[in-house]
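Below are two complexes that have subunit A in common, paired first with subunit B and then with subunit C.
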Partner chain A sequence: MDRATRITFLAMLVVLAVAPFVLYPIFLMKVLCFALFACAFNLLVGYVGLLSFGHAAFFGSAGYVTAYTVKMWGLPPELGILLGAATGAGLGLVIGWLAIRRQGIYFAMITLALSQIVFFYALQAPWTGGEDGIQSVPRGHLFGLIDLHDPMAMYFTVAAIFVLGFLFVYRVIHSPFGQVLKAIRENEPRAISLGYETDRYKLLAFVLSATLAGLAGGTKSLVFQLASLTDVQWQMSGEVVLMTLVGGLGTIFGPIVGAAVIVTMQNYLAEFGSWVTIIQGFIFVVCVLTFRRGIVGEIIGRFGPKGAAPTGGGH
Partner chain B sequence: MFELIGIPPQALFGQLLIGLINGAFYAMLSLGLAVIFGLLNIINFTHGAQYMMGAFVAYLCLTHLGLGYWGALIVAPILVGAFGILLERTMLHRLYKLDHLYGLLLTFGIALIVEGFFRHLYGSSGLPYAIPAELRGGYNLGFMFLPTYRAWVVVASVIVCFGTWFVIERTRLGAYLRAATENPTLVQAFGINVPRMITLTYGFGVALAAFAGVMAAPIYQVSPLMGANLIIVVFAVVVIGGMGSIMGAIVTGFALGVVEGLTKVFYPEASNTVIFVIMAIVLTIKPAGLFGRTA
Partner chain C sequence: MAGEYILETRDLTKEFIGFVAVRKVNLRVRRHSIHALIGPNGAGKTTVFNLLTKFLRPTGGQILYNGQDITHTKPAAIARSGMVRSFQISAVFPHLSVRENVRIALQRPLGTSFHFWKPERSLEALHARAEELIEDVGLTQYRTAVAGELPYGRKRALEIATTLALEPEMMLLDEPMAGMGQEDIGRIADLIRRVAKNRTVLMVEHNMSVVAQLSDTITVLQRGEILAEGPYADVSRNPAVVEAYMGTGHG
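Our next item is the complex of A and B:
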């Protein structure tokens, strides 16, 4: 990590450690789950240049699997979350395999359409509980020792999962594999001519992103003790796009900031009902028209070294 | 009466007709998307919201102005088309030099605003819109009952679709349009006002969506979310057909509507997803789409 990143990361750890003593833990856990979800999404859109409009499929279905296995099979929470992540990975493999056949907006439309299959499955399948979802999921004991019904224990578990996920994304981006991903984003034909099988790279990136989205979704279902249709709906796919866009596409900390901003906004505006949708749409429009680098992208652009900011526009 | 593979013919033909109606809407909407995409290189996510606006204009005309169905069929496309032109002039045209994805994100945001706005005013439940008096009733064809309004929707949408096809593929104006799709700079060099053509094309595509919305008002209920779920199916239709061809969009739209209707008869559980599954199959066999040119 370079110096600025290291300092920001340490500052983030401090904030994570102090926050539950100042703010409501459930709210913080919600932010962290969405931050991890947005980081997973950003891995794909920010570093490979593939805009998926169906990430709710991985997030939501992982939530169902975690909730079901923990509640019905009595699995310990860590196994339930891992199974959730595995669900994300499996679905990611299938959907990714189909979607990488097309580029650009087609990719977005295909992921959106395929995620609708997952949505209708969740709506109709007997084990997902239809409109009710899976309710009152027990949080259980982590590794058989730590009682997760204690809000602080749950919070630090979620924080640990988030930090691990974040470090994993960082590692992937800064590996040789991540360099190839960026090459594909910038100029795919050139990457092909250099001998890279770009489809394999794209598929692996897609699966990694879906796995992390599943990790986030599984964790969220334990936090709220609920898996519901909200998390598999296309509106959720739109929300994660919005979070990443607001925070800054292709920046490491952007999705986290974006998730915090959007979840906070939803919290304060919850009582206004349909205004939330209107304001989210408005933020989308403003971001696309005038603020394409996002919050973190703007900060890097203003204060960071020259050329460090993502271009936010491209070709 | 005879039975076909254990299905009573009334049910079979009834679902076929519903499929044909749905197909008419898929065709009209995917046609508009394809026309817009051809010239603007933007996938218009607001299309579903604009279809909904068309239905709402019809509803509001009737309740507030006393203007009936036939008037709405003219007024709604003009009003909503003007709204589209306003969007293009104020926002969309700033994005042409950027990655296409920003156009998708912008129009998605506008769709959220429009749908949220209508939901705020009218709630989520559907509002009824009566079938105009001239088109009530129906014909008994012996093997099934054909409601006049549904027959009208199929006929009118076929006329609109083929009219659009004719203008684009067979007239001078259409030739300019196709040329500008291939190479806008060159066409502009020949003295044709390409930016205005782009604006009007977007307006036309949007007007087509609004027209479909008015036609849909008596069949489906008028509700703020009527376009949101439909647009995703239309996206799948567009992926299956490929956006390279106008005729492709029309044919795929009708065909998929019929397939969906048949699925309702034989395996109703899959009727919501059959189009998405077909899309997945087409992607494995012919990734560019049935009528598509190379990606």
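Our next item is the complex of A and C:
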């Protein structure tokens, strides 16, 4: 990590350690789950330039699988969450394999269509509980030792998962594989002409992103002890786009800031009822018009080193 | 493998709906030569290029590279077999540094390109070779600059360095001089002549003095068909070529 990134990362760790003593832990856990989800999404749109409009499928399905296996099979929470991530990976492999054959808007449309199929399945299948979802999921004991019904224990578990997920994304971006991803984002025909089978790289990136989205979704279902249709429906796919854009596409901290902003807004504006959507839409418009690189993107663009500004790979 | 011709096409044809862009082109590129493909706008030069490197699929005919039929090979595989192309507009990775651009080409043979768990540091072993290539094209002072901020001529030099990193047996250059100033043209022409030693170069180019200066053989295309072929001196005197392409004012 370069110096600025390391300092920001350490500051983030400090905030994570102090926050639950100041703020409501459930709220913080919600922010962290969405932040991880947005980081996963950003890996794909910000560093490969693939705009998926179906990421809710991975997030939501993982939630169902974690909730079901923990509640019905009595699996320990760590296994349930891992199965959630594996669900994201498996679905990501299928949806990614079908979608990466197309580019731009067609790619987005295929991911949307396939995620709608997943939504329909979640609505109809008996084991997902239809409109009710899977409720009162026990959080269980982590590694058979730590009782996750204690909010602080749950919080630090979620924080640890988030930090590991974040570091994983960072490593992927700064790996030999990440270099090829950037090359594909910048100029795909050139990457092909240098001998790279770009579809395989895109597919692996898609699967990694879906896996992390699954990890986030599984974790969230334990936090709220609930898996429901909210997390698989297309609005959720839209929300993660919004979080990433507001925070800063293609910046490593952007999605975290974006998730925090959007979740906070939803929490504090909840009293306005359905007006939240309109206020969100307004903020989105302002964001696109005034700071197109997102909050973090603008900060880097203004104060960071030359050439460090994010590139906004989504097209 | 050491046949006289490195690249051959047999009745190469590309038909778009209702329009034949390339019609039965039989092209033969001699090993270790510089071969230019010229022709008026819309003659099908770039289409031929895209067919040869498999960015387009031919609707008829065959392409042979080193005696092997590559008509149905994928573009990335063509690149790995030693035939590397450039593009009409400069093809650099604009937000990566000059050194990273070259490194992208160097890293594939390491076999770690799918290793998402390895640190970027593992690529630093390639820096020495990358810097050699960068020096070769005269970009040493720019090696840490962001590629997108280089002047146009330098971008093309970077592109050649990146291509050379693959140690291609054959280079296909799509209008290497397009949009370039006079002083850059001289430098890039020298560079092409230098890198063409022990290699084969096939290029599409509009700048006639460059074509005359560099090429061993010229193929003139018109409306998707070969109109004439031979050394510059012969081709430029061919009345059909003069009429179709060069105009009466030329030479």
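Please note the rule applied: the second predicted complex is superposed on the first by the 310 of 315 C-alpha atoms of A that agree within 3 Å, B and C clash if a C-alpha of one lies under 4 Å from a C-alpha of the other, contacts with A are read in each partner's own complex, and residues count from 1 in each chain.
Everything below uses one rule, namely that contacts are C-beta pairs under 8 Å (C-beta built on N, C-alpha and C of every residue); 3 or more make two chains touch, one makes a residue touch a chain.
Worth saying up front: this structure is predicted, and the values here are computed from it rather than measured.
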{"item": "Partner chain in contact with A:G195 - subunit B first, subunit C second, else both or neither", "value": "second"}
{"item": "Which of subunit B and subunit C A:V172 touches, first, second, both or neither", "value": "second"}
{"item": "Contacts of A:L208 with subunit B and subunit C, given as first, second, both or neither", "value": "second"}
{"item": "Of subunit B and subunit C, the chain that contacts the larger number of subunit A residues", "value": "B"}
{"item": "First, second, both or neither for A:I278, with subunit B first and subunit C second", "value": "first"}
{"item": "Contacts of A:A108 with subunit B and subunit C, given as first, second, both or neither", "value": "first"}
{"item": "Contacts of A:A183 with subunit B and subunit C, given as first, second, both or neither", "value": "second"}
{"item": "Touched partner set for A:V263, first subunit B, second subunit C, both or neither", "value": "neither"}
{"item": "Of subunit A, residues touching subunit C in the complex", "value": "171-172, 174-180, 182-183, 186-187, 189-198, 200-201, 204, 208, 307, 311"}
{"item": "For the subunit B and subunit A complex, residues of the former touching the latter", "value": "43, 91, 94-95, 97-106, 108-117, 119-120, 232-233, 235-236, 238-239, 269, 272-273, 275-277, 279-280, 283-284, 287, 295"}
{"item": "Residues of subunit A that touch subunit B when the two form their complex", "value": "51, 53, 98-99, 101-106, 108-110, 112-114, 116-117, 120-121, 123-124, 234, 238, 241, 245, 273-278, 280-285, 287-289, 292, 313-315"}
{"item": "Subunit C residues touching subunit A - in the complex, by the definition given at the top", "value": "53, 55, 74-77, 79-80, 84-87, 91-96, 100, 103-105, 107-108, 110, 112-120, 122-123, 146, 149, 162, 166"}
